[in-house]
Amino acid sequence: MASLRRKIHEILEPGEQASTWERWVDALVIVLILVSVAVVVLESMPEMVAWDAALKVAEAGIVYFFTLEYLLRLWTAPEARRYGAGWRGRLRYACSTMALIDLAAIVPFYLDPLAAGNAVVFRLLRIFRLIRVLKLGRYHDSFSMLIRVVHLRRAELVASLVLVLCLVVIASTMIYAVEHDAQPKAFASIPASLWWGIVTMTTVGYGDVYPVTAAGRVIAGISVLLSVGLFALPAGLLASGFSEELDRRRARKQEGAKERCCPHCGKPIEEEEL
Amino acid sequence: MASLRRKIHEILEPGEQASTWERWVDALVIVLILVSVAVVVLESMPEMVAWDAALKVAEAGIVYFFTLEYLLRLWTAPEARRYGAGWRGRLRYACSTMALIDLAAIVPFYLDPLAAGNAVVFRLLRIFRLIRVLKLGRYHDSFSMLIRVVHLRRAELVASLVLVLCLVVIASTMIYAVEHDAQPKAFASIPASLWWGIVTMTTVGYGDVYPVTAAGRVIAGISVLLSVGLFALPAGLLASGFSEELDRRRARKQEGAKERCCPHCGKPIEEEEL
Amino acid sequence: MASLRRKIHEILEPGEQASTWERWVDALVIVLILVSVAVVVLESMPEMVAWDAALKVAEAGIVYFFTLEYLLRLWTAPEARRYGAGWRGRLRYACSTMALIDLAAIVPFYLDPLAAGNAVVFRLLRIFRLIRVLKLGRYHDSFSMLIRVVHLRRAELVASLVLVLCLVVIASTMIYAVEHDAQPKAFASIPASLWWGIVTMTTVGYGDVYPVTAAGRVIAGISVLLSVGLFALPAGLLASGFSEELDRRRARKQEGAKERCCPHCGKPIEEEEL
Amino acid sequence: MASLRRKIHEILEPGEQASTWERWVDALVIVLILVSVAVVVLESMPEMVAWDAALKVAEAGIVYFFTLEYLLRLWTAPEARRYGAGWRGRLRYACSTMALIDLAAIVPFYLDPLAAGNAVVFRLLRIFRLIRVLKLGRYHDSFSMLIRVVHLRRAELVASLVLVLCLVVIASTMIYAVEHDAQPKAFASIPASLWWGIVTMTTVGYGDVYPVTAAGRVIAGISVLLSVGLFALPAGLLASGFSEELDRRRARKQEGAKERCCPHCGKPIEEEEL
């Protein structure tokens, strides 16, 4: 029993030397995630009404598979040292980010009967079903690097966001003040202006609302130039963050490196001696 | 009295070892700033007319609180060494950026009676009331890093801005020359073209004005490609700025760790002495 | 014969010390690529019907030239050491990226008769004819640097792309849920919402579909701010990638400059020996 | 005479220790450049017809001043060592970038009579008059840094541009193939599609043309994601370029630094000894 648990754990959480067979299980789960996202997307199309039954079967099958996967992961959690043994280890695992995402990927399906007849609740549940796309995060090591760099610079990234929001609030209020008389409908209130502000400052620019007075255009021009400058902040922050993280990794590698020896006399050589 | 002043000063300007109680005061002020911004925004909505009295009371309460905060900060300013003692210290504090922002956050409220009946002055005062959003700057250490890096690269950032403006002016004039005959209304004059220029070069692209002639489209295509390249300049500048600033911080930390000594006489040497 | 083959090889694949004559051949090929792209573009214009015969002749001439170039490159491939001698060397060359692009640049022309009368197939072939624009890649050393850096960061770039796609899928589904009732035509299904999602998250913002309800605008605002932050990831990744690649180049240069010797026995040591 | 020439040269080309008086001349020229740009812009406004005479006088006055400045710079050019003495020095100066910009800033004014009655030539001359905005480049040291970094990475920047153009050409042709039947007017030919391509790939997105078929939207979505990734290349290139340039400057500074001495015993200290 214990050896079976270990074997299943190794299949579900392969280390760096994953066997071909373990890689195939990974690939299968990735494909099932993508298929299940596609099923949710297709179900919403009026053209797919004829295929509704097939899609529902596929959806159910995938959710049952993910449920099995979740239960197996929970059962085998104590095999990983960091969670500890027994039910306490399982509870600790169940509270980890990835386990919560796994749970969120299956729960909405079982809550479907609750939505009976209520279209809004039904659609909200559909959204939560899509959370399963985040399950992909487990299968790509590079996410950990991205997340670590974002975490490293989180304070400055939040500060940039606050600056952008301040700019949006101030620019929108100014535009509201000068454009309200010219376009009382488009700039009916400051919240309506905030929609213009966010669409303009992020350079989306749908063109549903835009200033028409000279003063409004001058204010819009200056604030959009400022906002383009502000949006250069996260790029700069992340660039220096990636450099720092890579320097750290290299330093860690060098520390762990085995002693270097002269290939001629066999004596160990310090880096500074060369 | 002096010990009360010190206590209030410590609550208002907590150092790095802020107590839980001091953190709660900080959090309260942040919430009040956000609430007061929300109040100004909601007041502008025609749907909120029924709540107008309540919003006015909330606004008044918050401004009275901020006024008290401003006066307490002014009174306790001499506790901070850098401003110096007595009224000269208070005056010096009152001229600091944060104190001026605090003042700008409360003054518009007291000027409201002046706007009696004049809608434009009234709306302008409302804008200035929103300046209080900048009070948030005090509560986030990361702003200081962002500001220092922008300051470090200010000359190059201004130069990039001048380049962008030159491109906008030249591209807009060329578009005016070739599109004026085809769209005499949209490109009525160079200032009107400048609106097209700024909206296009920042890639907002509302779609209210765009070239329709072949020559105009070629000019627009080339200049928008150039402008996208130019907007890569601030991102690059800030990236190298953040790297430099972080190197400095690390160097300063390392210096503070091991004292430097003269190799001849063995006495410790300050960095400035060399 | 062998010396002729070497001469042609040198003309087609000049090393770092290219003669003026070899540079002229390069320039001729670049011009022909650009002309042939222009020919494909012009052929599609209804105004150019009168010139159709001339364009067809130009097209045929250029394709014959490229065919000759392809055959000569194939014949002289064994001159390059890395492919090896004889037909095995030629086969290995034929499977290289650049050789496949060269083949793709000429094949569509010879398949034209197959499209006889079928407008869609005809237009698809025209697209493939444009692949020849990629032949330019051979003539610019800097592409190799760009490609190497993208390759160096490919895992993180793919991870960023997956994050962007997750955001697009989740934001589009949420918008579909809240906007479907207000705009049943524009947000008819999740796939239709995905079009809104991709156009908004990349900040293109055509303005053909946009949310009109308050909830939809809040969701759109938050997700577009997140996506602008996500799009800062590739810029940051590539910035640190270029720095790393340049450091490597400099290190390789310095290594080649001064021989390293063992400090004990004085003998020179190769980097790989340590 | 020679001493007068030197004095004028010092006023026009102040070194690093510019006197207050020399700075005022600089500021005057910057103001005149901005005023003359404003004059050209205002002249194009139909509302300014009443002020036409005044604007023409201002324009003439400024051009006469710039002409005097150009002639004085030409006369005093031999004072700068790098151009050499006599007329050969003047000729060499006249061929420098800044001198050509100065010339281009005044020539269009004197060519105005040639445009007599021809509106198109008249407007083209007006564009060239705006070139004087580039005269600002002389007055900001930071431009030299931006230009040097762009020059340092010019090969890679050009390669990025070629990649973007390849993507635009291929995406536009594909969209033309799939959208031509659905929107024969908007996607009338490949050149018309190229307009869509450039507006979409740079994320301007006016909304005057956009795909409506499912295939077209898939192609557009994929290519716009790719293009956003490609536009991260210049930001990354410039970021690493600025870091490199700053490292160089620091290295140059350290090399030129004066010997450091121990403040206690006065003996010189090598950096490595500390």
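By letter and in written order, the chains are A, B, C and D; residue numbering begins at 1 in each of them.
By our rule, a residue touches a chain if its C-beta (ideal position, glycine included) is under 8 Å from a C-beta of that chain, and two chains touch if they have at least 3 such contacts.
Everything numeric here is computed off the predicted structure, so don't read it as measured data.
Trainee: Please identify each chain that touches chain B as well as chain C.
Mentor: Joint contacts, listed by label: A, D.
Trainee: Pick the pair with more C-beta contacts: B-D or A-D?
Mentor: B-D
Trainee: Check the residue numbers that chain C and chain D use where they touch, and answer same if over half are used by both copies, otherwise different.
Mentor: Different, since under half the interface numbering is common to both chains.
Trainee: Return the distance between the CA-based centres of chain B and chain D, expressed in whole Å.
Mentor: 28
Trainee: Where the centres are mean C-alpha positions, what is the separation of chain A from chain D, in Å?
Mentor: Taking the average C-alpha coordinate of chain A and of chain D, the gap between them is 40 Å.
Trainee: If you look at chain A, which of its residues touch at least two other chains?
Mentor: Residues 191, 194, 203-207, 235-237, 239-240, 243 of chain A each touch two or more of the other chains.
Trainee: Which of the residues in chain A come into contact with chain B in the complex?
Mentor: So the residues of chain A touching chain B come out as 155-156, 158-160, 162-163, 166, 169-170, 173-174, 176-177, 180, 188-191, 194, 200, 203-207, 210, 214, 217, 220-221, 224-225, 228-229, 232-233, 235-237, 239-240, 243-244.
Trainee: Which residues, counting only chain A, touch chain C once they are in their complex?
Mentor: For this pair, the touching residues of chain A are 37, 40-42, 44-47, 120, 123-124, 126-127, 130-131, 133-134, 136, 140-143, 145-146, 149, 157, 161, 164, 191, 194-195, 198-199, 202-208, 231, 234-243, 246, 260-265, 267, 269, 273-274.
Trainee: Per the contact definition, I'd like the list of chain C residues that touch chain B in the complex.
Mentor: 203-207, 232, 235-236, 239
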